[in-house]
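Note that subunit A is present in both complexes that follow, paired respectively with subunit B and with subunit C.
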Partner chain A sequence: MSKKLMKGNVAIAEASVRAGCEAYFGYPITPQTELLEYMSERMPELGRVFLQAESEVAAINMVYGAAATGVRVMTSSSSPGISLMQEGFSYIAGSDVPAVIVDVMRGGPGLGNIQPSQGDYNQITKTAGHGDFHPIVLAPASVQEAIDLTVLAFDLAEKYRTLVFVVVDGAIGQMMEPAELPPMRELPSGRPDWALTGAKGREKNVISSLFLGTTELELMNKELQAKLAYIQANNEIRYEEYMTNDADLLLVAFGTAARVAQTAVQHLRQEGLKVGLFRPITLWPFPSRRLTQLTYLADTFLVVEMNAGQMVHDVRAAVHERVPVHFYGRMGGVIPMPEEVEQKVRELMRVVPTEDDVQTHQFPVKPQAAHEFLRM
Partner chain B sequence: MNPAVMTAPNETLVYARPQSLADCYTHYCPGCTHGTAHRLVAEVLDELGLRERTILVASVGCSVFAYNYFNVDACEAPHGRAPAMATGIKRVNPNNIVFTYQGDGDLASIGMGEVIHAAARGENITIIFLNNATYGMTGGQMAPTTLPGQKTSSSPQGRDVAMTGYPLHMAELLGSLPGTAYSVRRSLHDARHVIQAKKAIRTAFEVQMANKGFSVVELLSSCPTNWGMTPEQSLTWIKEQMVPVYPLGDFKV
Partner chain C sequence: METSIIIAGFGGQGVLFAGQLLAYAGMDAGKNVTWIPSYGPEMRGGTANCTVIISDQPIGAPIVAQPDVAVVLNQPSFDKYVNLVKPGGLLLVNSSLVTSVCGRDDIQTAYIAANTLAEEAGNVKLLNMALLGALLARRPILTLEQLEQSLVNHVGASKAHLLELNKQVLQRGYSCQ
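After this line comes the complex of A and B, so read on.
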């Protein structure tokens, strides 16, 4: 199959269809609305379910209902809508049903704006609802990867009976890139054993997150934690490295921020600076172990995000203070320019003086590097 | 079969437990009409031969454990969201019979948005709605259905309509929507009314079987514990105090 120019939101929608999504429930919100609009036409065409809900709260509970019957089901939204869905996420996690959620992140807090942001990192990886759980969180950095990870999301959701998020910022949702779609999968003919299908010729199935006894609820929580630990241990951690082999300074970024960081790495390498990029693809489970290993290679980390610094805390936890972890971020829907990141790197590598250096009359502390920089 | 209900050689059992009703202890308070409502629904499911293709959506409230009492596939929705969950189930499984079982706090307060829109869309689901004019599970606070002047644990001086507004008439409200195929109010305060309630529940499920759209049966119910009455007094209170505020009748048939 050949590549086709596709918008991120539409590509995710069609990838879901091809991955066997049988039902979509959603509510319009910029910058994800094209996904809903596409599904409104595509799903009925295939005899599958599309329904525009009255709110995000209703949408996620429709997802919960359909998921409880064992079909592949999804919703999509953007940051404020995701906040509204949190009650449902928690119930879904508490009753072990699979569901796929797409979050096309926008600027916050509050109504914020409709520009690209990565402000939902904490909301999704840490606080997706009350109680102790984490969804699997996949963060693509291109339209092609959004397609691939959307298909993976459905497979992982089903495999582990868990919530899986595909998290992109508004830029990836809105931009067009050439990409290839997977072949259309056939829908399964049966339903899983646990699903609600009507208690015909078997004991009834019950899907509930209510465990009134403390012992009972603690046991349920232990089982849930065991499942999450299994996911972490079971090769579900994904990341990509770019020029990390000899890096002195390691950039860490995901999604659109990682694309900016990669361009910065290319420019800085031309200047002779040994800079690499580490890009987490799964935001949960987080690739902490690999980051710990990389502290033996690079002596400085710089995390770049489109927020006030959210993933940076996971990076700091991963490196156990072995190296300094710096942060550069833009908020409010601003995408950082590669030049901004490059300047920050030069300051950290002391090839140009920082503002502090100027004020304290200090010269860059790595004269050799500075010499190379000035010679270029 | 439970040995207690086994018949002697020359006796005929005329009042058995419906197959759709589980054989277990109840957690409902003495005198509560939830048990009556459960039995009526179970009898109807048996009579219509629906048990093996029915999916129940329980709600949050005293009936949160409804799934323990019905021998059908079941799930438990977040507070008020049962109609949305039922929508998701029914849309994907149009051949299943899907019903929610909700109280007045769940349906008429926190779940107002979900139930109105499910009705407006004409979702082909059935709602069994128990109205006992209070939040039973949390200990008898004021509900949107609490009668004017009624004392509750959060309206200790009696519901003051100037401060807290008026009772909501859900059967009338839902009956006014074009997507609703069947909306009636019945009561469970005596045998005659219980029989009428059962007929209405049966009709509601038949409406769903015929794919005619949204069906809801509102049942006036007792809560002796939180009303501070004996079971007998509470049935009289339904008859004398609730029925005048919530007239029994058919609002969409």
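After this line comes the complex of A and C, so read on.
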């Protein structure tokens, strides 16, 4: 099949249709709205359900209801809308039903703005709702990957009966790139045996997150934690490495920040600096083990995010203080430029003096690099 | 080889479509491309711009601080980008609406009266095509034929009657000194 030039939001929408999404519930919000708009036309065309709810709270509870009947269901929103949906996420997690959520992140907190951001990292990976659970979180960095991971999201949700998030920033939602769509899947003929399908001729199924007894609720929690541990152990950790083999300094970034970091690596390599990029694709489960291994290779880490520093805490936890983990980020919907990242790397590798160096009259510390600097 | 192009002007001047057409043509020519708009609470008459990157290699950042080429369709865009074009780069100015002259001698500058060119051809709305033509004459990242073919491939049925005129304006821009 040939490639088409597609906008991220539209690509995610069509990918979900082809992955067999049977019902979509949502509420418009920029920079995600093209996704909902596309679904409003496409789903009825296929005889599937599209419903614009009266609010995000209503939309996520409709998702919960549809998920309980065993259909492939999704919603999409952007940061403030995702915040509103949190109660529903927790109910879905507590009920062990599968659902796919797309978050096209924008600048926050509050209403913030509609520019690209990665400020929802903590909200989605750590605190997607009350109680103890994590969704699986997939973070594409291109339109093609957004398509591939959306399809994967439905499969993982069903396989583990869990919430799966696809998180992109507004840039990937709005950007156009050539990409290839997967073939259209046939919809399943039956429903899973746990689903609410009318209990005619069988024992009734109960889908609920209400367990009033402490013993029961603790047991339910233990089972949920066992499932999450199984997901972590079951090869669901995904990441990509770029020029890490001989890297002295390792950049760690996801989504659009990783694209920026990749360009920075290309430029810095031309200067002879050994820099590599580690890009987590699953933000939960987080690729901690591989990052620990990479501390034996690179002696400095620099995390680049479009927020005040959220994933950096997971990176620090992963490397057990074996190497210093630095951070560079922009907030407020600003995408960092590769040049900013490059400058930060040069400072860390002491190719150029830092502000502190200048104030304390220190010269760059790496002898070879200092030599280069003095020649400049 | 990687070329970054920023096209900027008023909403309604065809800034976003001009960028998309470049991206389509780049894709059809088998290159890697990205197109990213400035998006915001903006409407017709406000400012709009998009960044297009066309490359033989996979593209990292879809945005650039210093573009290789800036195509500025109005005065505010000229003011914003005149000093951002990378040394050795190209600044294409719609001199129908921009009265300033670029004072830099480290970039190539061309002044195209795009509104006039398009109007003479029969439709002032096609000024974006005049500038794309002028761009390809100075930076052969794609051939004129490739761009014309992409017009044919990607212009919707509702605009099909404008196809010939689009091509004419493209060619006028291409031949414009």
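By our rule, the second predicted complex is superposed on the first by the 370 of 376 C-alpha atoms of A that agree within 3 Å, B and C clash if a C-alpha of one lies under 4 Å from a C-alpha of the other, contacts with A are read in each partner's own complex, and residues count from 1 in each chain.
What we mean here is this: a residue touches a chain if its C-beta (ideal position, glycine included) is under 8 Å from a C-beta of that chain, and two chains touch if they have at least 3 such contacts.
Quantities reported herein were computed from a predicted structural model and do not represent experimental measurements.
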item: First, second, both or neither for A:G198, with subunit B first and subunit C second; value: first
item: Of subunit B and subunit C, the chain that contacts the larger number of subunit A residues; value: B
item: Partner chain(s) touched by A:H320 [first = subunit B, second = subunit C, both, neither]; value: neither
item: Touching partner for A:I114 - first (subunit B), second (subunit C), both, neither; value: second
item: Which superposed partner A:P31 touches (first subunit B, second subunit C, both, neither); value: second
item: Which of subunit B and subunit C A:K222 touches, first, second, both or neither; value: neither
item: Subunit B/subunit C common contact set on subunit A; value: none
item: Contacting residues of subunit A [partner subunit C, same complex]; value: 3, 5, 30-31, 114-115, 170-171, 174-178, 256, 259-266, 335, 337-339
item: Residues of subunit B that touch subunit A when the two form their complex; value: 51-55, 57-58, 64-65, 67, 70-78, 81, 84-89, 91-93, 96, 113-114, 117
item: Subunit A-facing residues of subunit C, complex; value: 20, 23-24, 27, 32-37, 39-41, 59-65, 154
item: Subunit A residues touching subunit B - in the complex, by the definition given at the top; value: 22-23, 25, 49, 51, 53-55, 57-59, 61-69, 71, 73, 87-88, 91, 95, 196-201, 204-210
